[in-house]
Every structure is written in C-alpha cells, then in structure tokens.
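Below are two complexes that have subunit A in common, paired first with subunit B and then with subunit C.
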Partner chain A sequence: MAAVNLLFVVQRPPYKSENARLALTHAIASQTAEIYMDDGDSVVPIVAFVGDGVLNAVKGQKAMERYGVTSTEMHIKSSLMIDMPIWVCKEDMERLGLKEDQMITHAEELGADLKTKFVSFAEIQKEMEGTNHLLFF
Partner chain B sequence: MGELTLGVFPSLVGSMTLDFSFRLADAAMEKGHKVNMWLSGNAVMMAKKGQKAFKDYSHNEKKMKELMGKGMEITVCEACAEARGYHKEDTPEGMKRASMDWYLAKTVKTDRLLHIGGE
Partner chain C sequence: MKLAVFLSDWDRTEATLERLKADKMGVILVGNGIYHAVLKAGGKDSPVLSTAGASFYALADDLETRGFTAANVNSKVKVVSYGDIVDLIMKDYEKTAWL
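What follows is the complex of A and B.
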C-alpha cells in the first residue's frame, strides 16, 4: 500500500501551448488511476502555478467564446471540486501585477469546499523537496 | 535493478528532445533497468506507424521498435492521439493506448519518474 505524492509545477501560460491543460488533465486523471493500481495504492496530486504559469489562474476566461475550447479556468475549478489542491505563487502574481480578486479563488458554484491557496515560492520549493515525483509543465 | 518511467511530451519534429528520450531509455536498459514510456501531447505522433525517414529529420521509429523488442513498455495517450487524427489502427504492433491515468498509476511503483516536457 502506498500513497504517492505528485507535484505538478506549471510554468507556461495558458493557450499559447498545451502544457497547462495537459498538467491539469493529467492531475485530474488521478481520480481514475486506481484501475491500473494495486488495492490500497493511490496518487495524491498538487498543482502549483509559478512564473508565467500563474496566468492560468486568472478568472473570467472566455476560451469557449473565443476559441471554442474548454477553459483552463474550468479545469482549475474541476480540480477544486475533486479536492485537488491548487497553489498559486504569490511572488509571481505580484510580478505580473495580479491581485487575489483577479484570480480563481474557489469553485463554490460547483459545490467545491476547497479553495485556491496563494503561497510563497518557498512553500512550493519545500513541497518540491518533499514530493515523491515532480512533473514540470 | 530499478524501474524508470519517462513521461515524454515534445513534438516528433522540431526538437531533439524525443531523440534524447530514446537515448536515455536505451542507456537505462543497457544498465539493466526496466523502462516505461508514456507518450502524450505532441509526442503521441512518435507512435504513429508509416513514418518515412528523411535525412533532414531525426527518425526514431527503428530505435523505438528495438527498445520495445527488449521489453520497454510504451503507452500512448489515447485522447491526445484521437485529437490529432491518429487512430487505433495507426498504432504499431505491441504498443498500447490508454488514458492519462495509466501514467499516474505508473508513478506508484516506479523508482524514478522523469518528466520530459513539451514545447
């Protein structure tokens, strides 16, 4: 029996590449990974947005209207809905002039209790050092 | 000996990162390690059969098949493939297609996960 911690670090901005979307869809796939695992095994993901990647967590995205695709915002809210931690680096938000009221802070409309956590890079780095596997997107 | 899982995301043409992934897998297998490879995002095109070799582009199909023959397990992201018009009948023999949870499940037993990112 093992619970394996996975830290998905997203440093790319949304829509310019597929990276952020792939990070979120892979992390969300943790919900169904048990079909390939032994009884008692599990994976426990955290998604942390750093650098330009914090732009993924800006609220009010119009991806469906503009591009006809689901938004990164929707994936982040789906993550919160399944209790998957979403972390956003505070220093990088500050660098880009972003305030918390411009960001996706919750998914209460979907029934999610978990909220986005705005954290220092030091906290993300600590998690990087302690996690079982680190996945950079 | 250990088990190494490679999550491979770069495109087939445009960088040498896929070449690096196969060389690394080859080196690890030479040392006796078991290697699993997950092809996702643009990297799924690596696993489409019928590729033609040109000297202007790197061509890894032969190496990929050689490594599969030695026991490397390669699985392709099914959704990423279908989104690119690459269907089950285009998949080379011996290669699996699965959803992303296959990759996450591999992280439990593998000794090392190396995530080789895309563009």
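What follows is the complex of A and C.
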C-alpha cells in the first residue's frame, strides 16, 4: 500500500483569477485518480495557502449572495468535509494583519471533523520537500 | 480634470496612480482592489490610501464577497453600492480610468 502525496500551493487571492478555485477543485478531484492506481494505493492531497493566497481563507464570504457563485470558503469547507488538509501560512496572515478569528477554522456545520491548520512557512517548505508532486497555483 | 480611478487588483499599481494628476480624484476600490481598504500589510495602511487629495470608495458587494464588512474598512474609505458608483461617475467625475 503506497500513498501518493500531492501538495497544492495557492499563492494568489480569490475571485480575480480562477487559480485558487482550480487548486481546490483539482485537489478535491485528485482522489478520484485512485481508480487508475493499484489496489490499496491512495492519493493524499494537501492544500496550502501562502502569500496573498491566505486571503482565500477569510471567513464570511458572500459570493453566492452577491454574485451567485460558489464561494472559495465553501470549497475550503468542502475540502475539510472530505478530510483534505487545509493549511494556512501564519507569517503571511500576520503580514496582512489577519487574525485567526477572521479565518475559516472549521466546517463543523457540514459535519467535518478536520480543522484548518495554521502553520509556519517552514512547515510548508518541509512538506514541499517531502511530497511526491508539487503544484503551484 | 475630475477623474475617477478604479482599482481592481491588490497588486501594487501605485506607480501609475501616483503619476496621475487631477483637480479632483476619486479612487474606487472594486474586486480585489477592496483589499487596499481592509488590509494593513506590515501593520501599515495600503500606500494607495496615501494618494494626495483623493477621495476613496470601496464597493460593498466586493467587500462582502471576500468576507469583509464595512466594520473592517479603513476610516479614509467610504463604502458604496453599485448605485452610488453610478452616481459618482455621472455626477462627480468627468472621466474614469481603470488601473
């Protein structure tokens, strides 16, 4: 049994481009690749938000109410709901003056047990070095 | 010239903004431009808000889409609706620029 690790790194803010949304939807969909793999092998994706990308994880997004589009927040919560780790870089939050209470920390209302992890860039760097595939968005 | 400048990016565009001259200037923050109204990168206001003599506006819909409210907005910036922006264009400014 082998795990193929994927690290999706999102460095751009939400909405102006599709990068963040594509990262999240690709990461969610990546688990379907298991049908092409040997029995017992698995895909293990992580999505890490760095730089201005941490703005994707600000809570209270009203994209559906204002523009009729699914919010990046909902994609992040859907990720937590399927136990896909969401990491947010602490240093970049601090640089932009964002506090943890402004961020998406969980998706308990959707039944998710997994919570957002606020990590140092060093931890993300370590994961970059250890992952099988690194994808920047 | 009375000029309304729309900023829709968080990326730094002040180099152009700083060179624009107008008797009256309004900086209208829309899309990702609203981050200039709510973030304090490095603990400081966005340099955009230092544009001399300018009035600043941020579109409420774009603030709320991104998880912010009027309560998060810098005191230099007035939160406006789409209708307010139409009024600004039609009544307050002669020309518009989109940076």
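Annotations for the structure displayed:
Heads up, the rule we're going with is that the second predicted complex is superposed on the first by the 135 of 137 C-alpha atoms of A that agree within 3 Å, B and C clash if a C-alpha of one lies under 4 Å from a C-alpha of the other, contacts with A are read in each partner's own complex, and residues count from 1 in each chain.
Here is the rule we use: a contact is a pair of C-beta atoms (placed from the backbone, for glycine too) under 8 Å apart; a residue touches a chain by one contact, two chains touch by 3 or more.
Note that this is a predicted model, so its numbers are computed, not measured.
Per the definitions stated earlier, placing subunit B and subunit C onto a shared subunit A by superposition produces no clash, and the two fit side by side. When the shared chain is aligned, subunit C comes close enough to touch A:E65, but subunit B does not.
Of the two partner chains, neither subunit B nor subunit C is touched by A:T131. Look at A:M37: by the touch rule set out above, it reaches subunit B but stays clear of subunit C. Within the superposed three-chain model, A:Q102 lies in touch with subunit C and out of touch with subunit B [touch as defined at top]. For the three-chain arrangement built by superposition, the Cα-centre angle with subunit A at its corner and subunit B and subunit C at its ends equals 90°, in steps of 10.
Within the superposed three-chain model, A:S78 lies out of touch with both subunit B and subunit C [touch as defined at top]. Once the two structures are superposed, subunit B and subunit C can be ranked by residues of subunit A touched, with B on top. In the superposed model, A:T116 makes contact with neither subunit B nor subunit C.
When both complexes are overlaid on chain A, the residue A:P14 reaches subunit C alone and has no touch with subunit B.
Taking the two complexes aligned on chain A, the least Cα distance separating subunit B from subunit C is 13 Å. Applying the stated touch rule to the two superposed structures, the subunit B and subunit C interfaces on subunit A have no residue in common. Residue ranges of subunit C in contact with subunit A, taken from their complex: 8-10, 31-32, 35, 39-43, 61-62, 64-69. Listed in rising order, the residues of subunit A touching subunit C in the complex are 13-16, 52, 55, 58-63, 65-67, 71, 73, 95-98, 102. On the side of subunit B, the complex with subunit A involves touching residues 7, 9, 40-42, 79-80, 98-108, 113, 115, 117-119. Note for the complex: subunit A touches subunit B at residues 2, 4, 6, 17-19, 22, 25-26, 29-38, 41-43, 45, 132-137.
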